[in-house]
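Shared between the two complexes below is chain A, which pairs with chain B and chain C, respectively.
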Partner chain A sequence: MSKVEVTTQSNTKKIALSGHFTAMDHDQFRGILDDLQSGQGCTSCTVDLEHLDFIDSGGLGMLLLLRDACIKQKMALSLNNAKGDVLRILDIAKFDQLFKVVG
Partner chain B sequence: MNPALTPLPRIPQKTLDTSHHNEILGCVAAGSDLESSILQNLSHDVESLSNHLEDEISRMVGNFMEISKINTAQGNFLEQVVKQANSIQVEDKDMNLDEFTDFVTRTFSEIIDLNIFYSKEAMNLVFVLGNVMVQMERVEAMVNKIGVLNSRTNMVAINATIEAVRSGAEGSTFKVVSDELRELAEGINGFAHNLGAEINTIRQGMTESHKIMMRLANKDMIPQMILQEKTERITKNLVKQSQYFSETVTNVMENTIKCKEISKLVSNFQVQDRAKQALEYVTDTMRAFAKRNTLQSHSLEALMGTGGDKQGSEQEAFQALNQGIAALSLEESREKRLRAFLTRGQDGSLKDLVGLNKKENKTFSGEDIELF
Partner chain C sequence: MVFAFSSHAILGSDCATRVISALPPMDDDTRFCVRVCLHEALYNAALHGNLELMDIHCSGITQQVQDRLDDPRLGSRPVFVTCDATAEGLSIVVKDFGDPQVSLPAEDRGHGVGGLSLIRRLTEDMTFDPKVKELTMRFCWKEAI
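Showing the complex of A and B:
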């Protein structure tokens, strides 16, 4: 299970993921999506992956749903600080073609 | 002074008169015989050399022709190898390596895209089912609420009926309404009960669907994606190796073709025929000279009659030859060889004269070649 922390700074919503981000985390991530879709005046969203050790296909799927939600809300989205296996998986999944991957 | 230019030692001059005619003729005849003998030996050796040369060159040409044949076969084989290395059969269709690499890249890319798509849609469905289940719980709560309200309505209707009965005839109309209300409450109660049962069934189905979807969503496709990515890289490396192999084989094939051309060229030289022809001219000339000398010697012997000292003249002729050889200032071994070469086949006195034993007195062969 992943630890998910959500903070808002000025107009940016920051989602920090750590540990293992898998399909099992759907409940808390759905809450984030619902919250995002309700619209709180944020113009951008960043997902910090610095402390994320593992992501499965369900996790990738949830990031894609987050992307859809951001597009719907006209929010910029970026995936930050991915490294190691997570970065490799993002690379294999060609997420750099879908997201702004930073760091 | 250069030793090669050392003048021949002078033969002591004799006073010539008619009594010396036979002696002079004998000397000339012996010289002619010696020359004839040497020329015959030379022509024999040149002929042997010519035959030997012809055999060796023929063998060499034969070998080159064999090499040419082998190279042709090897070239054809390598051509097949290059053709095989450059193409791969996929579904009864030949693809070159670039097409194959594109095909593999495209296929794996599509598979990975599909995996990502399914992952996203699976999670989407999990969320949708989750939301529906929440909605179902709300609806269930509403139905329960209807049941509670209906119970209260029923209670009110019963109370109204009791009050109508108490009121007697005046309350009879009111009793009809309260009875209707009670019947309606019972109907609603039945309906709410049925609705609750239906909603419960749907909720169970939704819960089961959610569980199934969760099981699917939990099937991690990342290992397959990594495997596909690895397979793609391995395939690309194999294609690279195959291309390198193909280039190497092509180089070998080009070298083989060059070897074949060289072999053909050598095979077509016909050097043995030309050499043999040239050497035949030499032997014919030498034989002609030998014959001429023999005839000359016979004529001189006829002029001399029988009283001439031919034996003595032969000794002098060989002495002159020895002096001539000595004047060349050759190394000892080489001088011996030359003497043996020029004088072999003569009688015992000659062999003693040149100082060689019988073993060294043999015809030409490849083993006699002096190496420098």
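Showing the complex of A and C:
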């Protein structure tokens, strides 16, 4: 299971993921999506992947749901600090074509 | 080499790494591919196969998974992993015991990030036989160890 931490700084929602982000984290992440869609004046969202060790297709699917939510709310979205296996999986899934991926 | 896992074990622990630790040493690139593919295949077998869940992105999925794990008919089904390492490469067969009429692994969704899509990209060859619920994945050794 992944640990998910959400903070808000000025107009940016920051979501920090750590551990293993898989399909089993869906309900936890769904709460964040619901919160995001309620709209709290944020104009951008960043997902910090620095401490994420693994992501599977279920986790990738949740990032796509987040992308959909951000588009709906007209919020900019970026995936930050992915490294190692996680960065490689994002590359394989061609997420750089869908997200702003920041090293 | 044959391994048997419960769906509960697959969803609650890192069974892919347990299988890899019992396999012959392999280069880092192959290890990455095997780990990702095994994880995806095991999750597919447990969630879409044995537990017969079609949509893992629906609301309340955690409770649905728990309810089905607690259902003796679904929760007791095992997943078998058969590994065959040769000089050329590695073959892994993952078999679940879901009903072939109602349970199929989730195909690619939207942008092609479904489990089978990742497996296709990381294996030399991948086949799935829905009648016997067997996913076969083949990997070639990239470097001699």
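Couple of notes before you dig in:
Keep this in mind: the second predicted complex is superposed on the first by the 103 of 103 C-alpha atoms of A that agree within 3 Å, B and C clash if a C-alpha of one lies under 4 Å from a C-alpha of the other, contacts with A are read in each partner's own complex, and residues count from 1 in each chain.
Basically, a contact is a pair of C-beta atoms (placed from the backbone, for glycine too) under 8 Å apart; a residue touches a chain by one contact, two chains touch by 3 or more.
Just so it is clear, the structure is predicted and the values come from calculations on it, not from any experiment.
Aligning the two structures on chain A places chain B and chain C in clashing positions. Legend: residue contacts after superposition of the two complexes on their common chain; A:50 is shown touching neither chain B nor chain C. By the touch criterion stated above, A:33 is placed in contact with chain B alone, chain C being left untouched. Contact with both chain B and chain C is seen for A:92 once the two complexes are overlaid on the shared chain. In the superposition on chain A, A:64 makes contact with both chain B and chain C.
In the superposed pair of complexes, A:22 makes contact with chain B and with chain C alike.
Annotation: chain B segment clashing with chain C after superposition, chosen from 55-63, 109-117 or 289-297, is 109-117. Chain A uses residues 22-24, 26-27, 30, 56-58, 60-62, 64-65, 88-89, 92-94 to touch chain B in one structure and chain C in the other. Within the complex formed with chain B, the chain A residues making contact are 22-24, 26-27, 30, 33, 55-58, 60-62, 64-65, 88-89, 92-94.
Residue ranges on chain B touching chain A, taken from their complex, read 109, 112-113, 115-116, 118-124, 126-127, 130-131, 214, 217-222, 225-226, 229. Those residues of chain A lying in contact with chain C across their complex are 20, 22-24, 26-27, 30, 54, 56-58, 60-62, 64-65, 85, 88-89, 92-95, 98.
By the touch criterion stated above, chain C contacts chain A in their complex at residues 11, 14, 32, 35-36, 39-40, 43, 47, 56-57, 59-63, 65, 109-115, 117-118, 121-122.
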